[in-house]
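Each structure below appears as structure tokens.
In the two complexes that follow, subunit A is the common piece, with subunit B as its partner first and subunit C second.
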Partner chain A sequence: MKIVDGLSILAAQRRSVLGLLGGGVVAAAAAAMPQSVAADQVEITMWSWVPNLQMQIDLFMERNPDIKVELVNAGQGGAQHMQFRNALRAGRGAPDVIQIPLEMQATFQLIGGLEDIGPLGASELQGDFVDWVWGQVSNEDGAVFGIPWDSGPMAIVYRGDLFDEAGITEIPTWEDFREAAAQFRETHPDKYITSATFSSGGWSTGLFWQAGSRPFEVIDQTTIRIGVNDDAAREVAQFWTELLEADLVDPQPAWNNDFYTSLDRGLISSWIIAGWGPVFMEGFTSESAGQWRAMPMPTWGEDNPAAGNWGGSSIAVVAGTPEAEAAARLAIFLGHDQEAATMFYERQFLFPVLNSILESDTFVNATMDFYGGQGFNHVFAEASNTIDRDFQFSPFQDFVYETLESELGGAAANGTSLVDALDRAQATLAAFAREQGFTVVD
Partner chain B sequence: MTIGMTRGRSGHFVKEKTIAYAVLGLFLIYTLLPLYYLVISSTKTNTQLFSTFGLWFADDLNLVRNIEALFERQNGVFGRWLANSALYSVAGGVGAAAVATAAGYALSKFNFRGRNLTFAIILGTVMVPNTALVIPLFLLFANFGLTDTIWAIILPSTVFPLGVYLMKIYIDQAVPDELIDAARIDGASEVSIFFGIVVRLAMPGIVTVMLLAFTSTWNNYFLPLVMVTDPRLMPVTVGLAQWNELASAGSGGQALFSLVITGALIGVLPVVAMFLLLQRFWQGGLASGAVK
Partner chain C sequence: MPSPHRQRRSRLSGLVPYLFLAPFFVLFMTMLVLPMFYAFYLSLYQERMVGGTIFVGIRNYRTALGDPAFWEGVRNVAMFGIIQVPIMLGLALVLALILDSTLIKARSFFRTAFYLPYAVPTVIAALVWGYLYGPNFGPFTQLAEMIGVARPRFLSESWILWSIANIVTWTFVGYNMVILFAALQAVPRDLEEAASLDGAGPFQFAWHVKLPLIMPALYLCAIFSIIGTFQLFNEPMILRPMASSVIGRNFTPNLYAYSLTFTSAQINLAAAVSFITATIVGIVSFVFIRFAARGSGPTT
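Moving on to the complex of A and B:
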């Protein structure tokens, strides 16, 4: 099976501007007409930023004629979190169902924004999902605060041609990575094996996660242990500081014009990125299209074969919704229904978290033009099985990412120690947590 | 000695002029370069944005393709955003001008208890950044059930203290007291004095305030970002930022840079058009306001 690329979907949907305007008028007229609504039909609203989600929503409404779903794209990232917080604070305007990033799960749980849907049918689904992802949406008391939707197991997406020329075929451990980086610089003096993108909080967290760091532990509602500079994180920080000092990796920040251009031209020859990355990269690579390959992340020793995670999201039911039952049905359908979940990875490229899909031949063997017609889903699928279940995010994760991004991103760009930057981040976060009324323990 | 002095002066003058031109030239480059980049970039596809030189065209022009894709994305929501921006800005501009003219006239021509204090307070609010008021406004509007409606953007946009200040100054100067007194003696009502004399004489000032309020509403980002969640109510600024952020969404992330850039180009055109069309009033208004 071949995964359709995002732009060709756009092209397939492309109609003339005129036709579209006409269509809009018809749609508006249809919407204005009084509809004969069944007396017992309930209406719920869902916020999600996933493109073309209406396909699956229509499928849901077809199968559940008693529920009408209004889909709203309220943005993603900081904008969406702020909207949701404001709506909760104002007591109105919040949706019934909401897509939230995995890293924000704890934050929204803490402010009482999410409903426990365990009793509404979610509890019995536990075994069907990847274990560690389930751990992120549930707690040890059996409460379930969302249905896992997608995840971001990390691997190295690299330029096959450039790695071949440098004679790099596999990189089992991070020590091997150091050698590979040096070897790569020797063969390609104008290029770097990869970039130290500490300017992304999600990326650096993925690396710390892989090394077994446990930056946060919520002990109870008001007590939290913070250790963003624990031994595992320090080891990662020290390692990358050395790579940067030896000029073995590129120091420039990610997510900007230069970075994308460098990736496309091979000046940065790989990106340690999550399962959703290849499709994203396909959107801006042209020169290098077809040359990309994927290999597992190096590990911290053979006894610790874990991978990191970056991103992912869940579908949660908003606390206090009068239609919790209908909302839970929608969340469970989107996350758990085979047909819907298959569409998500084939059409919207969300990295699956349902075991049945991760193990299916169609998923494992899917190929992409980006990879020159080869398939590398198995690399990410294997990574997905090794991710540390006990990693916890903080209940103020947006602030944590901001802090990590400014401290670590700054240190990487200025060539100063990432370990010191971690210590500064630790101090900032502990002070912030106290300001928020937490008791901080070590 | 006299000759020497003249020489010295003219030399000095030339030097000043050169510096002035250099500074203006730098400012011009500073202003136009981003626009130039925007025009060039809007002709490129997503991949060309990263594979070609940023300040010159790629081999083929894709402006039309970009515009088509822009208006088709998410069921053509961009057209809706443009219409929303226009509605908010026109309503905000006209509303702000109306409130400012009436208030400025009252402050300028009527003697009432507390006039100076009122004026001082209005002047003081000019110093309060609008963004600082957004969250309190949000909670206030939420209580009235007005969040996620067009009023949540239009009503705050009509409150424009700087406009009140400008209109007071302008009416002080442009509308002579004698004219109003004469009209009163002739038996004109207060309403007809306001609409028949004050509004007409103050027109350049009114247009200036309207333009200022129009652009500030058109460019406003934080207020609509907080007030509306429904994409069908968003203005261009918030909508494009939302698309831009999709690139770093992680899940379901997409690189929509070519659309964001083309959208930004189309988003600045109405403001440029407004300024060119109303330039005459605008300059007159600015100059008159500045004298006093």
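Moving on to the complex of A and C:
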């Protein structure tokens, strides 16, 4: 673990040097001018892609005049991850606080990029957050590598009018979904009940997650178990292969204009999407506005009422920051402060992970024009409570998503077996992990 | 014996050319040569998540050379180049000859119109064409529905390379046309008189006189196009979300290097892939120049 060692040594050095300096300054300031704020004001930097975040940052600085926060949008996805990796490698240029997608938490933990803020006040907050999300930011030893910020419990967002015409009111299990899809095709021969968007790694992972798949287990720092093609994932893959073969679902990829128009015009009549989805969909549905509804994802049997998750993020403190204490205060404020958290779901539409918000009447009963003035937050809030806590992401999740996208997305588009695609992904990922120096076990 | 004064002056004036060169030289070194050396240095190591960074010598090169994913990308751009470059240059040549002839009016209008697509950033061009190619709601699909023919499948596996070729051609025909047109303008006008006295029509004149004279410009365009083809990146990158099942991470060598760097954090392998790609471009360009120089006879 050369990189990690190097980083922690560097971090320790920086901390001790700056600690001495900082301590000196604080002591001098305290002696000379105890009233002054500016003299011992701490400056920290945060990277985040949440829009209009400055609102909450200003609120934080108002309440904590001893901390000055500089907000930087370092992009989202691969661009941000690469910048962060580079900064960690160079030992400078990294922020003090960073927004990390939940699926990248394990990756940045493993390369030693995230600080354990359990001792800095985070440990006490455990009970206030949704249990499974807390599981994603903490480990068994009680270390806490970030404050949960938002999540993406999944549900079906569908066209109420088109479903009504097809006589579909509820879809309890996936077997029922198969029937509903056929029924829908019969009523609307030119439309599909939904699209099999396996070209999105986060989407497929959410489906596998729901079925109880456990694709990764980091056994220790050098050993990893990989099983993206485990029984649960195979069952999902087989199910969707059959739907595609029978022409019951659409195979086109998500995340492009043609797909959005297809949703708006009803060509694709639902999207199995996360809690942040409706607000996103509101942006491109004009013809169909007001016709949308939400229902829970079908389950894999009545004894397994789980939901899947797609997306979400945490606020982490970067390992080695000389201002870990101030950074942790910011992270805890943004993730845990009631006022800030309320603003985040009302103004920035982050799906909440604080139990107090998820249970609040204002959140549960919030309505949207997209839903024709109704509210469906409760569907996502209930889904949020049933997500498997023990699901783990890999320490190289960028690559996992890309591999799943090309193998599964390709199979879905070409009408070949998704199960075989999973097997190929498994082989690719195991080879990659070995190349990266891991011992891979099945 | 020269005076000390004169000696100092001549020493100073000897420095002047270097001062003029300095801005270019400094930028050339810091932006091109140093990064290249650094990339080469990187390509000799392997950074791993477990076990840190180790020196591996030429292993990254062997990995890349033995990687079918890399060669698939090379094959894609090679096929693309063999078909697209001649079509694009042929079109550019025809347009340049038409503009240069006395056949048309409003010459400067057409010249600007043909050149205009080049002024559109390639990212924007790819986005616009991506919309036009839309499988369900793109204008071409709508048109096909209206006249009752099968929908075009621009973003399918068998079409995608040529859909991209179309975008690139649309963007760069005007650019190449301007280069060829400029060369045509330099063809002495008295040759035209001489040719017509000898009884040559406009087509014969274009083929037998103008074309040989602008061959060097055509070679230049061809070399730029070959290099551009191997560096194909923007268009497939932008079309990827619309055709994610057919544009893989290794669709072109540059896309592969990008994905290795930004997705799987294998910067060392990416550096090796970049060097191999550059070597292939160098070899292809070299072979082309040799071949073209031999084939063209007296004009070079």
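The definition used in the following text is that the second predicted complex is superposed on the first by the 405 of 442 C-alpha atoms of A that agree within 3 Å, B and C clash if a C-alpha of one lies under 4 Å from a C-alpha of the other, contacts with A are read in each partner's own complex, and residues count from 1 in each chain.
Here, contacts are C-beta pairs under 8 Å (C-beta built on N, C-alpha and C of every residue); 3 or more make two chains touch, one makes a residue touch a chain.
Remember, it's a predicted structure, so these values are computed and weren't measured experimentally.
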(request) Following the overlay on subunit A, give me a clash-or-fit verdict for subunit B and subunit C. (result) clash
(request) Applying the touch criterion given at the start, work out whether A:Q252 contacts subunit B, subunit C, both or neither, answering first, second, both or neither. (result) second
(message) Applying the document's definition of touch, where does A:E405 land relative to subunit B and subunit C: first, second, both, or neither?
(response) second
(message) A:A79 in the overlay: touching subunit B, subunit C, both, or neither? Say first, second, both or neither.
(response) both
(message) Contacts for A:F432 in the overlay, against subunit B (first) and subunit C (second): which applies, first, second, both or neither?
(response) second
(message) Looking at A:D161, would you say it contacts subunit B, subunit C, both, or neither? Reply first, second, both or neither.
(response) neither
(request) Check whether A:L267 is in contact with subunit B, with subunit C, with both or with neither, and answer first, second, both or neither. (result) second
(request) Quick one: classify A:F396 as touching subunit B (first), subunit C (second), both or neither. (result) second
(request) Applying the touch criterion given at the start, work out whether A:T285 contacts subunit B, subunit C, both or neither, answering first, second, both or neither. (result) first
(message) According to the stated criteria, A:E382 is in contact with first (subunit B), second (subunit C), both, or neither; which is it?
(response) neither
(request) Would you mind checking which one, subunit B or subunit C, touches more residues on subunit A? (result) B
(message) Which segment, 4-12, 22-30, 40-48 or 256-264, is the subunit C region that clashes with subunit B in the superposed model?
(response) 22-30
(request) Under the contact definition given at the top, report the residues of subunit A touching subunit B in one complex and subunit C in the other. (result) 78-79, 82, 255, 257, 261, 265
(request) State the interface residues of subunit A toward subunit B in the complex, per the touch definition above. (result) 6-7, 10, 13-17, 20-21, 23-24, 47, 49-51, 72-79, 82-83, 86-87, 89-93, 101, 149-150, 152, 200, 202, 255, 257, 260-261, 263-265, 274, 276, 280, 283-287, 310-313, 348-351
(request) Using the touch definition up top, name the residues of subunit A that touch subunit C in the complex. (result) 1-3, 78-79, 81-82, 85, 110-111, 199, 221-222, 252-253, 255-258, 261-262, 265, 267, 395-396, 398-399, 402, 405-406, 409-410, 412-414, 432, 435-438
(request) Sort out for me which residues of subunit C touch subunit A in the complex. (result) 47-53, 130-131, 134-138, 157, 241-246, 248-249, 259, 261-265
(request) Under the touch definition given earlier, write down the residues of subunit B that touch subunit A in their complex. (result) 46-51, 54, 67-69, 71-76, 79, 135, 138-139, 142-143, 145, 147-148, 225-226, 229-231, 238, 241-242, 245-257
